[in-house]
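Okay, so here's the structure we're looking at.
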Amino acid sequence: MKRDELEEILEANRYYIRGGKLANYIPELANANPNTLGITIAYSNGEIISVGNCEEMFTIQSISKIISLIMALQDHGHEKVFSIVGMESSGEPFNSVSELETKESHKPLNPLINAGAIAVASMIKGQNVNERFSKVCQFLYRITGNENVTLNRRVYESERETGDRNRSLAYFMKSTGVIKSDVEEALDLYFRLCSISVTCSDLAKIGLFLAMGGIGQGSQLKKVSPEIVQFVLSIMLTAGMYNQSGECMMKIGVPAKSGVSGGILAVAPNQMGIGIIGPSINDKGNSIAGLKILEDISRRYKLHLFSK
Amino acid sequence: MKRDELEEILEANRYYIRGGKLANYIPELANANPNTLGITIAYSNGEIISVGNCEEMFTIQSISKIISLIMALQDHGHEKVFSIVGMESSGEPFNSVSELETKESHKPLNPLINAGAIAVASMIKGQNVNERFSKVCQFLYRITGNENVTLNRRVYESERETGDRNRSLAYFMKSTGVIKSDVEEALDLYFRLCSISVTCSDLAKIGLFLAMGGIGQGSQLKKVSPEIVQFVLSIMLTAGMYNQSGECMMKIGVPAKSGVSGGILAVAPNQMGIGIIGPSINDKGNSIAGLKILEDISRRYKLHLFSK
Amino acid sequence: MKRDELEEILEANRYYIRGGKLANYIPELANANPNTLGITIAYSNGEIISVGNCEEMFTIQSISKIISLIMALQDHGHEKVFSIVGMESSGEPFNSVSELETKESHKPLNPLINAGAIAVASMIKGQNVNERFSKVCQFLYRITGNENVTLNRRVYESERETGDRNRSLAYFMKSTGVIKSDVEEALDLYFRLCSISVTCSDLAKIGLFLAMGGIGQGSQLKKVSPEIVQFVLSIMLTAGMYNQSGECMMKIGVPAKSGVSGGILAVAPNQMGIGIIGPSINDKGNSIAGLKILEDISRRYKLHLFSK
Amino acid sequence: MKRDELEEILEANRYYIRGGKLANYIPELANANPNTLGITIAYSNGEIISVGNCEEMFTIQSISKIISLIMALQDHGHEKVFSIVGMESSGEPFNSVSELETKESHKPLNPLINAGAIAVASMIKGQNVNERFSKVCQFLYRITGNENVTLNRRVYESERETGDRNRSLAYFMKSTGVIKSDVEEALDLYFRLCSISVTCSDLAKIGLFLAMGGIGQGSQLKKVSPEIVQFVLSIMLTAGMYNQSGECMMKIGVPAKSGVSGGILAVAPNQMGIGIIGPSINDKGNSIAGLKILEDISRRYKLHLFSK
């Protein structure tokens, strides 16, 4: 794909930044620039094309859930991890409490809803929160080569101060035995992971890493097995876009994960990783312009898994 | 009623201490003596009759919710209190989270389910938790004249350590604005209130206080208005016995409140207050022998509000 | 109570007929006159006072649920009836399906929500729907002496044609075994019972019948035992006013049952039966002016069960 | 794949026919032979390999939901169809009522849960139920070339007689406007579609038809556009295996649809269609041996969409 084609797609969808609104569930996110719009594609041949505001940093938010899942799968294997969280998509909003209660096992439905992600974060091994967080950052650094992939302290503090719904989910899981470690530590790590600063380019590189089955440049990265990548892409496909995942599968047809800061990471297996930023989100939590852009990219370049 | 009639009722229902089981949701409660069985009735003429193990102390547990409600109504008036909690019975278990989520207002259904009681406790005025707790203890002392109505520290610590479900409810309410004050302080007060030691005699005296419309000996007690008593008896009648309240209204027909330690406080307006202890509880959280005893007392002495 | 006092209460609350709106869930109900307002009180001494539009007929709607319950209790006894429906208030709207599904037993929570009332109607004995319906009408005739207590055919047809939500409830209960007889017959009887025409005066007389413990003039009526009356008044108290029952207990404090046509039947035990009509209802399904009038009557004449 | 490899897979999983149990929600299904086990693969080059009991006929059950969806999409286009049913996976059992009620729009979550499938069936055009059913049968005949793809009358009658849960769902949707046509006709068609007799070979041929993007031999079949096939495969991938769909995506990774008679239809795009029968199902409604066989086929021949 040539740069001017990508620019054309970006401009064709600039209109949609007016729809939706900035995430306001934590005060700091409401300060984002609603006009930001950027796309980066990282191709399997090493080429990287960025258009729009790709230098701007934003917090990774829920996209970190796939990183946590990779780490937990590496630390414990899939049998252990999926004895704690389920594999099913939910149809419910990402922060639902009632769902936890009504399921017989009280097991979070999947690792990409908040409850599941907090439970998964509680499994990442490390002496303390600092060490666990640092392990994740090093992993991201090796994939992205970006030293700026670090904590946005203001967002982190905002998350921690206003994270009472997540605290409620976590204590519920503590009461049912899903979380076995210290609740406040698990939450602290979860809030930090959501507050990591990234760019579109970083998302695209993580996407490419997954697109190539976990093969990266650094030697340590070889530890992410093809099986883990297969699990992660699968759950992204069925549950990566909150309770709009089914619609995205129909219309876009590639594994993707979104965050409420307006970022989207998408993966075209064996071909490319895609990173998009557009802070205006819909009521499901997905970037409105980002979805439109991803749909255009998928359609024009036949990325849908079932395209002819 | 003569003592031997009451003894007869107690012995006739001793059989039921075998049914059900001790509350085990906090470890300390599981150490209760399952054979304890006691009844105290405090009559409007000042007479008090006790049969069985009425000297034994047990923790007040959910019965404290009516005390909290009285205090909050005194501190804020009923409009304010019922803007925070509802007045409706629930049909759900006392510690349900999902109910909070599915109601449009996220308002706890009533002040006698855990969520509602934590919200009500968060409204009691005082400089700090110690002062608030001390205020409640003084109130109880004035009604019961029992200086031993104090904290059972082991139960309190057990509550606090294992209270993650209640923590989940409280943080959920913090996230929706139902709780406005410090969550951990509200929980701390709630756990302390549940851990107050009482006897059957204390419960009977509190019951009599309500039966007489809030008239007690001490001058300070006059502050509990007849209107507050009317509210408290009403909610006891419709929601005092967990999700068995409707059945109790049908079969027993007097305002009552139970606790998972096996205590029951019942009120026959203008006539008497009743305190019962029997630690084996059913799956709703009510003392099995206690319910049978209360039904017998109600039937034999025509206490049912609609008896002929 | 003198007539002019009652007229004063009526006029003082006429303002409230502007609030709320007419029931529109069946087309025929939306044709009611929103300005209708009437009160009848039938006293234990035989006196009857009516003020306002007490000659106007309206359909009994949900108030028929207490008549069905009486008939089923007479036909089967309370153990059988309450093995089919529960005794607990619900906190949910009257036509909830999900509640049926999430309760373990799939048993309707109580006989006064739609599901429970349909199940109860399915238990009334009789060769066919005609015979069962005629049995109910004769029962009402004996209490009210009003030969016009008959089917409003247009409302009945409207109910039947638009009763798909009730059909859904009924087939659900058929699938779980709660309804054992023919579903369409049970629904047909239920729709007919809701479509019986009554006046305020009829409601007041039914109320008085219950207030006096089931004692009426006709010899056949002696069959309604005091125990049945006790059950019916109890469930009216905890669940008679839809999911506003707890609030009504607090503020009004007498057993009552409302219908979406704007009728309210209330009972002051040993004293009086009250019938009120005011077609504008709130979002819970209760007459707005009717509630205000009942609250005034209760306050001025100290009918609240816990009034001092 | 050679025949002996497929036989090996079949024998390796024969053990699993002992797990689970026959569907018993309609009496007729409980009469199936639990020892039946069969696999057919239809390759893109025209080759067909069958092993085990592939001559046995069984009813298509929920697999018919994808046929209904194709017909409705042809008759109305995807915008109309997906204004009536959603695209999201559910996490709930296939026959949930409560889910319908709690979603704001009362829209069935997707076309593959019972509610959604009944709504979709109600959209298929035709003068009457006979004509609509005949249209579906002709469509199947053109794909499979099997004249025996017709109604199993005994299963149909069993479905119709015991289909009260589905009736409940349908009347609920009538009450909310999701179903606009005659409810009993919609149900009748739905019951007939579930009762169509097929073999593994038929399923494999339908699978191949989808695998090749809707290209079949008959000229009429060209009407199924690649876009429709893309929609159908997408929803199969996210919601085709009841509330085990996420797990199947992770472990198997191809679009598939199961039925409670124990049939599974799977699609490897551009490569093959797979039909499997094994009547013992798990608590989610999926053939236990069938799942194991499909997982083995997927693993050995790298069919998983994200396999390396």
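Things to note:
For clarity, chains are labelled A, B, C and D in written order, and residue numbers in each chain start from 1.
To be clear about the criterion, contacts are C-beta pairs under 8 Å (C-beta built on N, C-alpha and C of every residue); 3 or more make two chains touch, one makes a residue touch a chain.
Keep in mind that this is a model prediction, so the values were computed, not measured.
Here the chain-to-chain distance from chain B to chain D, counted in touching steps, is 2. Ranking all chains by how far their C-alpha centres lie from the centre of chain B, first place goes to D.
If you average the Cα atoms of chain B and of chain C, the two centres end up 32 Å apart. Centres computed as Cα averages put chain A at a distance of 47 Å from chain B. Chain centres here are Cα means. That of chain A falls 54 Å from that of chain C.
Under the contact definition stated at the top, the residues of chain A that touch 2 or more other chains are 99, 102. Per the touch definition, chain A reaches chain B in the complex via residues 96-102, 164-165, 167-172, 174-175, 183. Those residues of chain D that touch chain A in the shared complex are 86-92, 99, 109-110, 213, 226, 229-231, 233-235, 237-239, 243-247, 249-250, 253, 255, 269, 304-308.
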